[in-house]
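Lettered A, B, C, D, E and F in written order, each chain numbered from 1.
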Amino acid sequence: MGWRWFHQWGSPRLFYERAGRWQLVCGWLALILLVAGSLWGLGFAPVDYQQGNSYRIIYLHVPVAFLAQAMYAAMAVCAVVLFVWKMKLADVAMQAIAVMGFAFTALALISGAVWGKPTWGTYWVWDARLTSMLILAFLYLGVIGLRAAIQDPDQAGKACGILVLVGVVNLPIIKYSVEWWNTLHQPASLKLTEKPAMPASMWVPLLVNILGYYIAAAYLVLGSMRAIVLERERRATWVKELVGRA
Amino acid sequence: MIFEPIQIEISQLRCERDDRLLFKNLSIKLESGQILRVAGPNGAGKTTLLRTLAGLFDIQEGEIRLNQQPLKEYLERILYIGHKPQVTKDLTVLDNLKFLTDVDETALKSALSAVGLKGYHDSLVKELSQGQGRRCALARLWCVDAPIWILDEPYTALDVDMVKTLDARITEHVANGGVCLFTTHQPPQQLDYQTLELGHVD
Amino acid sequence: MSIEKRMLARELKLIAARPGDIFKPMWFLILVISMVPLALAPDSDLLAEIGSAMIWVATLLALLLNTEHLFQSDFSDGVLEQWLFLDRPLAWLVGLKLVAHWLFHVLPLILITPIAGLMLSVPTEVLIALLITLFVATPALTCFSGLGAALTLGSSRSGILGVLVMMPLFVPVVILAAGVLIRATDGSDTLPLLALLGAFSVVAATLVPIAVSAAIRLNIGGSN
Amino acid sequence: MLEFQFASLAAFFEMAPHGVYVWPVYGLGLLVIGGLTWVNARQHRQAIRMVQRNLEREETHES
Amino acid sequence: MSIEKRMLARELKLIAARPGDIFKPMWFLILVISMVPLALAPDSDLLAEIGSAMIWVATLLALLLNTEHLFQSDFSDGVLEQWLFLDRPLAWLVGLKLVAHWLFHVLPLILITPIAGLMLSVPTEVLIALLITLFVATPALTCFSGLGAALTLGSSRSGILGVLVMMPLFVPVVILAAGVLIRATDGSDTLPLLALLGAFSVVAATLVPIAVSAAIRLNIGGSN
Amino acid sequence: MIFEPIQIEISQLRCERDDRLLFKNLSIKLESGQILRVAGPNGAGKTTLLRTLAGLFDIQEGEIRLNQQPLKEYLERILYIGHKPQVTKDLTVLDNLKFLTDVDETALKSALSAVGLKGYHDSLVKELSQGQGRRCALARLWCVDAPIWILDEPYTALDVDMVKTLDARITEHVANGGVCLFTTHQPPQQLDYQTLELGHVD
């Protein structure tokens, strides 16, 4: 069953139909989880004794920061699938994920920066984690920019695939070196210190939100992929039939 | 020199660009000694077909075989001259040839005089006229011994004399057992060729 | 002559035809470096403190900008597609081209950095460390920026896109080099870091040409 | 565990003293997710419209 | 439609066709700025001290690199020579092109500098002074680098000539701008220097287009 | 539209490039309704002559007058289409025309259908084939009303149909009182032209 299922996902038409259903499910699920988790975190989780209410940003910041990194990995997986199985859909996914990934990275950066103001008194410090996040944002931008620069979608997809693969090989090296750089200088600035263990009343809503954001990301990526599939397959008979029926 | 027998087999080739079907079910066989002219109106897909045959454009559907082998193994037997100048503007005529061919200077110079660029081997290509630049690119036909020639509009910008010279060279090449594919919008008089018309897909 | 020799000969002739190509990055480096004291206060302590880092960044930029169009003119003249018909793997030819580029365009740039160092009153021992890091790191930088150049071949006015796309990948190199320079200032051992940098370069030099050749093939496929 | 931490709804929105930091971040989050949803929907609509236009063009061509 | 409107419309369409063109210089600026702490140290005091100067130099570079090929593609496509047949003086058309370039390519670059300032913890009052100097100085910089671009049109891979000619012209601009920034840090009066910078820009904007048009004519005469 | 009478007078023109004498003592008179074909082998100086006449190349010796006035005053009455594409690759076909011509969109579209680019007005020029790109550049002949046409190898890359269309347009243009100078290596059959042979200096 496994392989057939995999290959069926490779067919644009089947993907388009199935993804429509999945997208709907993901959308509602994400909405419920996010509303619940966010309200819980904002209103019901206890106040942090050190940071006060500003810590409530965590319920957005951390899920989004996780996602930002996970999506780059997902993009790399897509690149491998594209080159190994020549599956066009992987390229579609890559295109969708690049945009969403960049959005989440930007969100993580901005939410972190805003959080930094009350806790550190400044929006930006050259902390290791922040720096590598910034670089991740540039990597995403590179993928988006490269795709935009090349007219032919197939060609653009392959070029982006090469870039993503080279990038993902480098990513651990970048993270490691940035951390090392940061300790090398022993900056006077503050760092994201190891927090004391959170009480369950704090981390349970965080968990809910993490799940919610992951599902929301799936919802967004599927939605974007459906649009791209439709656009790329606009000459295919199944698209014409589909639109003709509508 | 005399080339070994060659067989080019194109089967069921199909190509789409920008959602426009250029050709489909294209099957041809070509053998040593044959000349094929690819004809058709502007935008018919002549360049696309020639580039596919030269391995520069990926086959979308169908197959191309050279002596029963896949195309990729035979690339160094192909001499492709396309739309683009194929020469570096900042180098001299001679230096341009030296890079892309592996023959000695006397052979290069005789190739240059064959294409009427005798006194020009030290000129930079950017100082040549349009037609002289084309002649410089075509000079490789006189000094490379690839059996398969793929020429995209080789007559562009050439004057009447040079057209004759080129025709004679192509005739000589196929007489030696080579194959030549080319496109042009002006049917050449001196050549004995088959024609493949593109641009009539439904 | 073998293709390798012809390639080298061609590179030399191109340089002879356009000697400016060699001097342009050097000039760029010196320009950037001389802008720094002008834009800053001419306070030589501060300059010496930031000097080696500035030189590194400026050299990095000069290299990147100079490598950006590595394949462009050959691509648009249709010479690059002729490489596919040569009886060598494309990746090998690309590697050769990168080596030639490093030799004739990057090396002169490195050799000019001491002058930049003098302009910013960088101490001699740091300057020596700077030179060594540049020697060790530039192969990797050249390879990656060649990849940027190849990836953006197809888009007609890609501008500096290739640079932008590749720059984040240079972070480890920049950081390691900064580490070497700091240690050289302290007088502590720089060898382990240099070894790391060297390893990075070696790996890049062996693997990146393959990616570059894939990128070139890709872009040739899309052109007419 | 599920105890509302603020004295009033007003206090909740003020979230003293960090409301100015917390709420804009959540607002931005909403904006990003909502915006992306909207962008996807629009792209989807546009794709459909393009297919429709092509279909119409083909029909007028044939007749 | 008048030629002026058509020119503007074309510029807008080119941007729409390649939206990257606008973002690339901004992206470049931010990338270069984030390389500085990596090569130097994440120490925010030091960064703040050199920050505004770094931003100035980086902006200058971004502008130069973005303007370097201002006329290149129109020249090699043969569109530039068609300008000679329009019933407007070439210098006027060149002026228009430079204005459009400043509006669509330089202005966005200026508007992004506050973010760069934030990253290097440049104090707000210096940041404001920085913005003003950039506004006042960039017209001159744009004109001069446009001249460099025009001078090097003919040589297929632009050599050093244009750039060498331009270098001395940037020096007064950079020095004046640095003066403004230093005074802004001190809190003293920046107006006289800004007026000088402005005067420089005005003079450049009126005279340089004539030189540019001469350079273009020259290069068209030599080409085929 | 009918053009006012024009007179082009070339007297004693002489040109050297790279120490090679291209032409000397060149004197011609051209008037409304005439077509002049500049002929000659590659490198004879045809392009150089046309560019001189278009004011793009400085006169080295001799004089060119239009209606007794120096050339410089008449540049906006000239329509020059040279070797180079004359179109911007990143713009659509329509936008390219819009910049260089001052007519409304319907006129542009009818010009485009005249050159067989009907469905292509929204295509980027870089997505066109070689010949389609040339057609786009030539479309200006259908929507600009300059009396003097200077065309350097206008037939390059055009298919047979388009060559006919272009010939018809040139005929129409000179019938309206225009003048046309062109070069080509393939003598066109449908036109009634004088020939100026270059390339025979001693």
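We adopt the following convention: a residue touches a chain if its C-beta (ideal position, glycine included) is under 8 Å from a C-beta of that chain, and two chains touch if they have at least 3 such contacts.
In this text, all values refer to a predicted model and were calculated from it rather than measured experimentally.
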Determine the shortest chain-contact distance, in steps, between chain C and chain D. 2
So which one's got more C-beta contacts, A-F or E-F? E-F
Looking only at residue numbers at the chain C/chain E interface, is the share used by both copies over half or under half? Answer same or different. same
Distance between chain A and chain B based on Cα centroids, please, to the nearest Å. 49
Using Cα averages as centroids, what's the distance between chain E and chain F in whole Å? 37
Whole-Å gap between the CA centroids of chain A and chain D: 16
Between chain A and chain C, the Cα-mean centres are separated in Å by 32
Would you pick out the residues of chain B that each touch at least 2 other chains? 47, 83, 89-90, 129-130
So chain A residues touching two or more other chains come to 135, 138, 141, 145, 149, 151, 178, 181, 234-235
Chain E contact footprint on chain F (complex, rising order): 47-48, 51, 54-58, 75-76, 78-80, 82-91, 95, 98-100, 102, 124, 146
In the complex, chain F touches chain B at residues 18, 40-47, 83, 116, 123, 127-132, 134-135, 153, 156-163, 185-186
Under the definition above, what is the set of chain A residues touching chain C in their complex? 135, 138-139, 141-142, 145-146, 149-152, 155, 158-159, 162-163, 165-167, 170, 173-174, 176-178, 180-181, 184
Which residues of chain C touch chain E in their complex? 18-21, 23-24, 27-28, 31-32, 35-36, 38-41, 46, 49-50, 53-54, 56-57, 60-61, 65, 69, 73, 156-157, 159-161, 163-164, 167-168, 170-171, 174-175, 177-178, 182
Residue set of chain A touching chain D in the complex reads 34, 38, 40, 42-47, 52-54, 56-57, 60-61, 64, 99-100, 103-104, 106-107, 110-111, 114-115, 117-118, 200-201, 204, 216, 219-220, 223-224, 226-228, 230-231, 234-235, 239-240, 243-244, 246
